[in-house]
Structures are given as C-alpha cells and as structure tokens.
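Quick heads-up: structures coming right below.
Note that subunit A is present in both complexes that follow, paired respectively with subunit B and with subunit C.
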Partner chain A sequence: MLAEFVQHVVNGLIVGGGYALMGIGLTLIFGIMRVVNFAHGEFFMMGAFFLFTLFSLWGVNFFLASLLSVIGVGLVGAVVERLILRRLRLAPIEIPMLATVALSVIIQNAAILLWDPSPKTIKHVFSPVPLTLGPINVVSIRLFAGLVAVALIVGSHLLIQKTRIGRAMRATFQDTDMARLTGVDVDRVYMFTFAFGAALAGASGALLGAVFWVYPAMGDLAALKSFAVVIMGGLGNFLGAIVGGLLLGVSESLGAGYISSGYKDAIGFILIILLLLWRPQGLFGKKALPR
Partner chain B sequence: MKITKVMAVAVLAAFLGVLATGGLQAQTKEPIKIGMIQPLSGPIAAAGSYITNGAKIAVERINAKGGVLGRPLELIIEDNKSDPAETRNAAEKLIVRDKVPVIIGAWGSSMTLAMMPLAAQHGVPLVVETSSSSKITDPKTPGQKVVSRISPTSELEAVGAGALIPTLGMKKIGYLAVNTDWGRGAVTAFGEAFKKNGATVEAVEYVGQADTDFYAPLTKFKAAGVDSVVITDDAPKAAKMLQQMKELGLNVKVLVTGGSAWPDSIVQLAGPKASEGAMFINFYNPYDANMAGDAEASKYYVDEWKKKGLPWIGVVEGMRGFDAVNVVAKAIESAKEPTAPKIMAALKTLEAKGLYGLNKFDQNGQSYCNIIVTQVKDGKYSVVAVTPSSKLWEMAAAK
Partner chain C sequence: MKLWAAAAAVALLALPLIGVDDYYLHLLIMAGIFYLLAAGMNLLLAAGQLNLGHTAFYGIGAYTSGLLGVHFGLSPLWTMPVAAAFTGFVGYLLGRLTLRLRGAYFVLVTVGFAEVIRLVATNWMDLTQGPMGLAGVPAFNLGIERWTLVSKRDYYYLMAALVAGTLFVTARILGSRVGRALAAIQSNEGLAESSGISAYAHTMLAMVVSCVLAGVAGAFYAHYITFLSPELFGFQNTVTMAVMVVAGGQGMVLGPAVGSLVFTFVPELLRMAANRMLLYGVILLLVVMFMPRGLVFYLRALLRGRAPSPAAVQAADAALETGRAAAAGAAPALDVREMTVRFGGLAAVEDLSLTLGRGEILALIGPNGAGKSTAFNVVTGFQPADTGRVDFDGADITGLPPYRIAERGLVRMFQRTSVFPEAPALDNVLTACHRLARTRLWEVVLMTEAAREEEARHRRRAQSLLNFVGLGRKAGEAAKNLSCGEQRLLGLAIALAPDPSVLLLDEPAAGLNAVETGQLMHLIEVIRSRGLSVLLVEHDMKLVMGLCDRVVVLNYGVKIAEGTPTEIQQHPEVIRAYLGSGEILADA
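Our next item is the complex of A and B:
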C-alpha cells in the first residue's frame, strides 16, 4: 500500500522535473520579454529529434549528443529571436504571440517532412532492467532524467543569481528602460533569454524523448502542460515554475493511480482552477498592479 | 524586388499545389475524385500516413490498368489532425468544395462518428477502413445509413479471440484502453467475451490519446495482482506499455486488440525482450498472401510497399487504405457512373475479395474480415490462430 504510494510519488517527481524545466523556460521568456511563446512545445520536440538524429542516426556518444542537442535548440532559439521576435518588439503583445503560433505550425510540419510522423525510440545506453529499492522500481534512464533535470534547475538558478548576464536579466525583468539607461544591452539579454528558455525546453524534450518517444506532435501536450505549470506557479516566477512542475507531475501520478488514468490530464487542470480561485496570481505570483 | 519575391512564392505555391493533386501526370480524361480523411498530424499521424500510402499503392495499381470506367482515380487526401471536430471540417471541404462522390476515413471511431451525420445529410457514402466502435454500424447512430465498414467491430474481434482465452490461462485481467469511442467500445465487447470464457476484468484504466507514461495504471494493476493485461491502443503506445510493464516488473500475459499493433512493429518499437510472448489481434498477414482474400493483390501490395521503402512496421496498417480504395473502385465500376447515390447503392450489394478477406456488407453496412491472432515468439512473427472471414460470414448467416 505504502509502496504503491511511494512508487506513484517517485514516478510523478521524475515526470514533474521535465515539466519544471519546460515551465522555467516559458516563464523566463514571458517574464523578461513579455512574449507568450506558443512554439515552446516545438523546442521541446526539437531537443528530442536532435538527440535522435545525432545519437540514433549518426552514432554520436549519447551524453555528447544530448549536450549538442540542447545547444542546438538554444541556437535555433537565438535565431528565432534575432530574425522574428526582435522585429516585433514594439508591437502589441498578441503580434509576437501569433508569430510563435505560426512558428509552431511550421516547425511541427517541417519535422513531419524531415523525420516522418512515425514515433521513434532512442535506444539509449542505460540498462532496461529496473533498479529496485525495496518495493520501488526505477529504471536508470528515468533516474538519469530526474537527476539531470535537478542539475539543470540548480544551474539555471545559479546562472540567474550569480552571473553577469543573470544580473542583466533580472534588471531587465524589473525595469527594461532603467536597465537600458544603466548600460545593459537589452537586445543581448532578450536574445540570451529566448535562447536559454528554448534550450531548457530542448533539454526537457531530449530527456523525456529518451524515456518515452520521439514524434513530431510530442510538443503539443508538453506545451499545454508547461502553460499549466507557469500559470499555477505565477507568470514570470522562477520558483513557481519549479514547484508548479513538480506539483503537476505528482498530482497527475497520484490522480491517475488512485482515481482513474482516464482523468489524468483533467486532474492537473482541475487543480489549476482550484488554485486560481484561491490565488488568481498563481502560487508565487505578485498581485498585478494596474498599469 | 518585393514583386519578384511575391511572384516566386506564388509560382512555387502553384507548383506545389499541382504536385499535391498529382496533376503533373498527363491525364487526358477527367479523373474520378475519391476523398480520404486520415490523421496526418497529431499523436496518431503515423497510422494515418501508413493508410494513405496503402491507398496510393491501390490507386497506382488501378490507374496502371486503365483506371475505372476508363477514367483514372484521383485521391484527395485531407488531414483530420487526430481530432473529431477537424474531421467534420475536412469532410465538409471534400463534399462541398471538391464535390467527391465518396469518402474513405477517418481512422479513429470518434473521428468517423463526427463526420457521419454530415455525410448522411449530403448523401455521400463513407467507406470506413479502420474504426472499430460498434456505434458506427448501429442503426440508432445518426448517419449510419451511409456507412460501409470493412474493418471489424471490437465485438467481431472478441468473437475471433474469445475462444482462445481459457487455453491461454488468462484469469485476472487488467484492461488498458485509449480514452476514445474505440477504447471504450472494446472494453465493453471484450469484457463480455472474457466473462463468457471464465476470466474476470479486475481493473479498467483509460489513457489519453497522446499519453506516453503508463506507470500509474500499471502500478495499480501490479498491486491488484492481475495475471494478464489486455491493451486497446495503437502500436506505438502498446509498445511503450509493454516496455513500462517490464520496467515495473509486471510479468504477465498480454493481448493487444485493434489490429494496428502487430509482432514486427512491437519488436521494433519496444525491443525483442519487452515484446516476447505478447499476442495481437490482427486482420492481415503480410507473410502469407494466401491468408488474404485476394492472394495476388496481397503479394502486389507487399512488394510495392517494400519497393517504395515505406516503413515495414506500417504494412499491416497500410493494408486498410489499399482495401478501401479497391472497394470504392469496384463499387464505382458496378455503379457505372461516379455519383454518390449510385456508389452508395452499389456498395450495398458489393462483393470484393481483398486483403481483409471477403469485403461485403450486411444490412447495417458491416463487413466480416479475417481475425488472426499473432504472437512474438523468439523475437519473430508467429500465428496462433485464424478465424477466416468466410467462417464469420457463415456464422452471421446462421444467425
């Protein structure tokens, strides 16, 4: 009984780590750039496909391929920011939003053309035999995914709090004009933020792609979940995205385990509705001030 | 500069449009249009792409022989994005804008059900190639009168497989099904068959169409102590379920229904270890042309599939598109003219041997195909039992 509960929680935490990574990327992009990124799921998908191409098709070392995939998605993010979003910086919020919707459709269909729609397995280097800790089973690839997610979350936190670019990001987040006046290169901050957010989504995709499947539409559900995470945690809030991601992962897992897996996706969203009734600004969000 | 760019885009778009409709092939006679709706994007896009490829092979074969009524066939393929509402939109486009006299579609039961009332309103016949919910050929369902279904219902699958249950030693069953009309219908149909054969369904769990993580329901099954798991879902998800069962240490008998998953696809997707011993309900055997209703067509189809370098794991799914086009072609042939009412009338009395077995339709528009139970044995394809289409037709006649 207890074993079953712990197993559900462990499963939920690992999936939740992936949600959190997605959420952090999305929330940073929104918080700093005020861009609602509807192509976030496609960056997730790209991370998985880059890993599949590098590792499964070209035979690059698994860990190197994972790293290169994440960097690759970050570069795509940088290009998207430079070529598309930068030109729309002064446009009303819905214009860049629509641009990312278009981007998402284009990237997903390009993936169908490039890799065909059939799902791919990444035959990773980990043993398929589960590690048994008492009555709990965890496969090493999932454990790996969970640990890397934790490392990336900690790394992102350090980057934002301790580095020069992180300080510039925080300054831009607080007041863009003031930051510019004090000499922050806001263009660079925006480009870095978008690339970094995209790379985190790509990392999540590469990790979960290795655990599950790789297919062109895999980003749809992931994007939906990351919006849920970000809204739950509070728009633009870093800590909120982490807590929101883990909370969503665990509640889905417990809900599917003890209520019904048919309602798995519903459970997450019911949770959000309840949470927003209680705190409309999200768990860690600040109350919106009238502008 | 701007204008030349616009021109270039326009020319390119026109060119792609021409390519897409196959208009580059010089055809002197006006082609007969056949509408086809499949999931070409979204979570089940792979299945849809296999079926459209199978359909294309059939169209090429027919056109190479001079077409139908002296005219070539032309497939107009629409994407339903794995979504019922989009399926209805696609059907509307095919009927109103392209004016197709017949539509093949739409893979999933929920999608097919969504377009049936619209097709009935316009009097356009539907040839259903994959869906298995019994609702589709239930006279109480809106639009049922325009349906001719070549794929079997879950009930028919249960008839074909049910008798095997006692010999397989399945006693306590956990049922894992996709949360659609297909999955829900199959749970009812197989539930009854299991009960009749002395097995009990201990737990039923439904999963979302795009789900990839099944740890929660499988952990539940493990706690309930089931000795078998029955799966109603597409091949990729069935494969993932098998893998995760192994990961959780749930070593039980497995039966996958629905005909989309088969030994070769599961071995490739889940690996030989996780798939060993798993059983499948299939309707087509690509290794034995004589098992199909039309051996020559079966051989041609498999050869073409290989020649085109299409993914081998899709050959069993692609068959549905191939057979559907042949049924439509034969109906047009006997209708003498390619109009909706004539084709609909011709389908009622049609008898077409195909890869499914004998395609013909009972008073509710349902055909009875071969039911083949297969298994992964030593990592290879093997046949456990066959209930031929002819036997099911006899049983139906005896009733």
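Our next item is the complex of A and C:
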C-alpha cells in the first residue's frame, strides 16, 4: 500500500523533472522576453525526433546523439528569435504570441511530412530490467532521465546565478532599458534566452521521448503541461517552474494511479482552477499580475 | 466601403438561386460558422483579452444541442437557444474565474480550459460516446414537415440570417459606447477605470456575448453535420479562428467576416485541404509579421485613403454647467483620515489626514518620494491602504474599486498615462462620458431614439469640453500625435467628462512650458468657479503658490505642514525639507 504510493511518487518525480525542464524554458522566455512561447511543445518534439534520427536511424552513439539533439534544438531556437521574434519585439503581446502559435503549427506539420505521423520508439542502450530498491522498481532509462533532468536544472540555476550571461539575463529580466543603458547587449540576451529555453525543452523531449513514444503531435500535451506548470509557479519564476513541474508530475502519477487514467492529463488544469480560486497570482507570484 | 459590403451581401444571397454547386454552398456555410466564432473572439480581443480556448465553447454548444436532440428528441428550434444560453453561462463561469487575469495568464488558462473540456468529451463515454463520436444528431426540423431543412440552400439561408444578425449586433456593440469602453480597457485600463468604466463588467459582457455566439455556431454545426466528435475541441480549430480574426482585421466589424471567407476558401482553392494546417501556419506567420492589422485595414486604406475627420461641432460651452457639484452638503468634499500605507516595513504614507473643502483648491506637495502619488492612488481606489478611511461627500469610499469611486464623482487625472493614445481626441473624451450613460445595452444595440439622442448629447459634451481646454480644432487627431502639453489638456478634458464634483490632478503641469502652465492655471480657476473642488499634486511652485487656497506638505510620508501658500513659504520645516535651498521662495 505504502510501497505503491511511493512508487507513484517516484514515477511522478521523474516525469515531473521533464515538466520542470519545459517549465523553466518557458518561464525564462516569458520572464525576459515577455513572449509566451506556443512553439515550446514543438521544441520538445524536435528534441525527441533529432535523437530518434541521429541514434535510431543514423546509429550515432546514444549520449552523443542526445547532446547533439539538444544543441540542435537550441540552434533552431536562436534562428527563430533572430528571424521572427526580434522583428516583433515592439508589437502588442498577442502578436509575438500568435507568431509562435503559427510556428508551432508549421513545425508540427513539417514533422508529419518529414517523419510520418506514426509513433516510434527509441531503442535506447539501457537494460530493460528494472532496478529494485526495496519495494520500488525503476527502469534504468527512467532513472537516467530523472538524473539528467536534475543535473540540467542545477546547471540552469548555476548558469543564471554565476555566469556573465546569466547576470545579463537577470538584469534584462528586472529592467530591460536599464540593462541596455549599463551596456548589456539585450539582443544577445534575448537570442541566448530563447535558444536556451528551446534547448531545455528539447532536452526534456529527448529524455521523455526515450522513455515513452516519439510522434509529431507529442508536443501538444507537453506544451499544455508546461503552461500549467508556469501558471502554477508564476510566469517568469524559476523556482516556481521547478516546484510546479514536480508537483504536476506527482499529482498526475497519483491521479492516474488512484482516480482515473483518462483524466490524468486534465489534472494540471484542474489544479490551476483550484489555485486561481485561492491565489490568482500563482504559487510564488508576488508581483501584481502583468497588465 | 458600405456600398461594397452591400453589393457583396446581395451577391452572396443570390448565389443559391443562380444554381451554384452544393460544394461551394457547403464552404460558405462553414465560413459562416467560423465567422460567428471569429466574431466572438474579435469582440473579446477588442478589450485586449485573447481567448485561445474559444473552440471549447463551439464544442459545448454543439454537444449541448446535439445531446438534447439525440436523447430527448427535441427539435433544434428549442435546443439551439438552450445550447446558446448554456454556453453563455459556462462562459460566465469561466469569466468569473479568469477575467481578473490579464494578457498571457488569461490566454494560457483558456487554452487549458479547452483541453480539459476536450478530455471530458473524450473520456465521458456514457455522455458523449467518446472518440467514436456522437452520431444521429437530428437535422433541422421545426416540427412541421414543410419546415424541415433538407437542401443545402435551406441551411445556407439560415446561416445567412445568423451571420447578418451577428454582424448587426457586433457592429452596434463595437460602434457604441460599449465598444469605446472595450477599446479603452485595452488601451489604458487605469484611465478607463478612473473614468467610471468597469473593466470587469465590460470584459465579462464581451466574454458572454462571444460565448453565446460560439454556442449558436456549435449548435448549428451539430444539426447541419449531424455528427459530432471530440475533435471539435482541438486546438487547430482555435488556431483557425485566430487566423481569421487577426488576418481579417482585429477590432474591426468586418475583419472576422472577411477573414473567415478568405481562409475557408483559399485552402480549398489551392487544393491544399490535406495540408490546410501547414498553410494556415505559414499564412498566420506572414500576417503577424508583415500586416498585423489585417486585410480589412489595408483594404479600407486602399478604398478611401484616410478616415474623414469628424465635423467640428460648434457647441455651447455648457459642458461644465451640468455639474452636480452644486448639491452642497455640510460634509467636506473629501475627507482623508489617518491613512497609512506600508510597503514592507517602509511607511510610504503615515497617519495622513487632510480635508478638501467644497470649491477649494488644495495642493499636496513634497519632495520626490514623499508619498503624494501613493496617497492619490489610495483615495482613487487604485491601491489599498493599511489603515485609515476616505470619505467623499460624507460617504465612506474606502476600498471601493476605482470605477465606483469615479461613478460617485471623484475623478483623477494621471501623471503620465493620461490619454487613450490610439483614439482620436474626441473619442478620448467621449469614452470618458461613459458614466453619464443611462441607456441600457439593448437600447444601444437596437439604437433606439433614446440611445441615439444620448450619443449625440455626449458627442456635443465631448466637443465642448475639447473647446473648453482649447483643443476644439484637434478633435479628429489621434491622441498620441498631440504635443505633450496638448496631451495634458486632453487628459484634463477626459477627467472632466464624467462630470466630477472633485478633481484630483497628478502633476498637471509636468512637462508644460510657462505659457501652457499659465493656460492650465486659468482653466483650473474656471473649473473651480463652476463649483468643483480640486486636489492637486504639483512640483511647479509658481502654480501651487499662485492658484491654491491651501497647501499640505508631505515629507517621508508624514504631513509636516499645512496652511495658506504664504504660511507654507515661511514654514521652517518645509524649507528644511526642500534642503533649505529656498527654492520655494525663489520660484514664487
């Protein structure tokens, strides 16, 4: 009974790590650029498909292929920022938002043309025999995914807190004009932020893609969940995205285990509706809502 | 434009009669369904709220009407209105929950809402038959055999009637004070609220109307196609609507109509039905990047150049005379008692009490950061106080929302954001006349005699207020194109429009040159002579000392002095607060 509960929690934390990665990318992009990235799910999907192509089709080493996939998604993000979002920076908030909606539709349909819509699996290098820790079983690929997610979250935190570009990002987050006046290359910060956020989504996609299935529409649900994560945590809040991601992963896992698996994917938004009744600014939001 | 639209309408109505293929009629019917959806989305977007879960309401309308038909055998004649009302009710509930949210939060929550509804429709097998879909929805049948809709042509004319009705209602709403209020909320919510416009009530109205339209569209779809599946709730549908609104021309009545026609036919004609979504994606991206104002905007510019400037109405300068300020009572106009506002541990305003007498001009001065603007924000309801009480005309107004305070006749002018930048000057003032409106929504939509008369009266009032501040000739100019000084004057006219009895001016002379400041002083003097009371925050000592009856000095949130200008100029603590520079004396 308890073992089952713990098993659900562990499974939830692993998936939640992936959600947190998605959420961090989304929240950074919104916090710094004021853009809601509706193509976030497609970056997630690209991460998985790049890994599938490099590893399963072309036979590149699994770990190298994962790394290259993440970098590849980051590059796509940089190009999108440079060619599209940079030109829309002064437009009202719904315009760049709709541009990313358009982008998500384009990327997803292009993926259908490139890799047909049927779901694929990545036959990764890990043993299918689960590791047993007392009453809890974890398949090693899941453990790997969870550990990498933790490493990436810690890495992102260090990047933002300890590095030069991280400091520039924080400055831009607080006050773009002031940052520009003190010599921060805001264009570069925006480009880096978008590429970095996209790469995190790509990493999440590669990890969860190796665990579950890979298909062109896989980003839809992932994007919706990352929306839920950032609303719970407060748009633009780093810690909020981590807590929101883990919370969502665990509640979905418990909900699927104890209530109904059909409604598993709705749990995030049901949580949000409850949250909105109680705290309209999100779990960690302190500031008034952006207007 | 009108002529073109009329010609297009006649041509569309004649189509079935000249034997157009059923395939094209079907496309037109689908365009009509999407027009109803896009028109609703457009209405809410006019207030700056983008509902990217709109397709949920489409689906709710469809399933409500469809299920009622399937399970109870009711005629669409009954189930359609029920479905529309129910969808509107769901919209109301969602609005209750989410309309406090703005911008990105609202968008994301609506996306999530649609997803939850989609999951319910997929998983609640007993009710919806899940992914297999709901078959056997009855076709239109009004109970009498003769009134059963059989051919495409029948459905086509029913849809045409719905489209015409929607065009009529949305045109009337967007063209009326309600439309102005929605635009004002999008453009400058604070100023809208302080002009007596409730942002919540108006966005809620737009939300409910938009959901009712979606419910009608859904119900029509249900009885036209007679088969429903949870795909109705898919995000693709919402994307399609968004493309139609934005590419057609958001905020414009004809925008969604043109958008839904064009974007129903273009993919079909390009024989790209299979890859329709890819095409939509590319079109949407190109549109937001290169013509974000939409087709109708550019067409209209092409057809007639510039918008005609409104005829300069020569009205008597009677606007100020209607004031209720004369309704004198014993209580002071404004009475602030022991107000304290803390930010964290820091007291921005501490234990402030002040009284504004009727017909008085009172200045609140102090160095930067003294708490003047905070005090203003509390009095006008934009910020809560930790303790204290504000009485206006003898009644407690502490904690009321800004629009309620404005409704009672206490109106503020903002320091920087004092206008609605995109709108013409006349519309700026007209928008702020909102509080004076007495006609109800249905009167506005039907444009009854009373509504027309009221609109004309407000137009005259707005024009005469513009004349009063000296901007009578600039009525047609967009506010953002006015000079800084003119924008301040326009801000003053906006503040006067709701017919206040007390006016709060936040640094009215900021950014004005000496001549303009002189004009402003004269105007404030005239305003007072009409019985209004004025409380102002100002740094321009010439204005303060030359105009005001009394002065209250704040320093670090605490009142350090109060008295006539002469007393204040000699007050030792005031001189110390201003660094002992003697600046007050020198300027005065």
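In this section, the second predicted complex is superposed on the first by the 288 of 291 C-alpha atoms of A that agree within 3 Å, B and C clash if a C-alpha of one lies under 4 Å from a C-alpha of the other, contacts with A are read in each partner's own complex, and residues count from 1 in each chain.
The criterion applied here is as follows: a contact is a pair of C-beta atoms (placed from the backbone, for glycine too) under 8 Å apart; a residue touches a chain by one contact, two chains touch by 3 or more.
This one's a predicted model, so the numbers in the text were calculated from it and none came from an experiment.
Colleague: Aligned on subunit A, subunit B and subunit C: do they clash or fit?
Modeller: Here the two partners, once superposed via subunit A, clash with each other.
Colleague: Using the touch definition from the top, say if A:87 reaches subunit B (first), subunit C (second), both or neither.
Modeller: second
Colleague: According to the stated criteria, A:147 is in contact with first (subunit B), second (subunit C), both, or neither; which is it?
Modeller: A:147: touches no partner chain.
Colleague: Quick one: is A:212 in contact with subunit B, with subunit C, with both, or with neither? Answer first, second, both or neither.
Modeller: first
Colleague: Classify the contacts of A:15 with the two partner chains as first (subunit B alone), second (subunit C alone), both, or neither.
Modeller: first
Colleague: Going by the contact rule set out at the top, does A:95 touch subunit B (first), subunit C (second), both, or neither?
Modeller: Once the two structures are laid over each other on A, A:95 reaches subunit C alone.
Colleague: If we overlay the two complexes on their shared chain A, which of subunit B and subunit C does A:30 touch? Say first, second, both or neither.
Modeller: second
Colleague: Touching A:125 in the superposition: subunit B (first), subunit C (second), both, neither?
Modeller: Neither partner.
Colleague: Of the two partner chains, subunit B (first) and subunit C (second), which one does A:235 touch, if any: first, second, both, or neither?
Modeller: Second partner only, subunit C.
Colleague: What is the contact status of A:116 with respect to subunit B (first) and subunit C (second): first, second, both, or neither?
Modeller: After superposition on chain A, A:116 lies in contact with subunit B alone.
Colleague: In the superposed model, where does subunit B crash into subunit C, at 27-35, 45-53, 63-71 or 81-89?
Modeller: Comparing the options 27-35, 45-53, 63-71 or 81-89, the clashing one for subunit B against subunit C is 81-89.
Colleague: Which subunit A residues contact subunit B in one complex and subunit C in the other?
Modeller: Subunit A residues touching both partners: 108-109, 220, 260, 262, 265.
Colleague: Would you mind writing out the residues of subunit A in touch with subunit B in their complex?
Modeller: Residue list for subunit A touching subunit B: 1, 4, 7-8, 11, 15, 108-109, 112, 116-119, 121, 123, 128, 130, 132, 137, 139, 208, 212-213, 215-218, 220-221, 252-253, 256-257, 260-262, 264-265.
Colleague: Over in the complex, which subunit B residues touch subunit A? Could you list them?
Modeller: 40-43, 45-46, 48-49, 82, 179, 205-208, 210-217, 219-220, 223, 236, 239-240, 243, 246-249, 269-271, 273-274, 311, 313-314
Colleague: Note which residues of subunit C are touching subunit A in the complex, please.
Modeller: Per the stated touch rule, the residues are 45, 50, 52, 97-98, 100-105, 107-109, 111-113, 115-116, 119-120, 122-123, 189, 235-236, 239, 242, 246, 275, 277-278, 280-285, 288-289, 292.
Colleague: Flag every residue of subunit A that touches subunit C in the complex, lowest number first.
Modeller: Checking each residue of subunit A against subunit C gives 30, 36, 84, 87-88, 91, 93-99, 101-106, 108-110, 113, 220, 224, 227-228, 230-231, 235, 260, 262-263, 265-266, 268-270, 272-273, 276-277, 280, 289-291.
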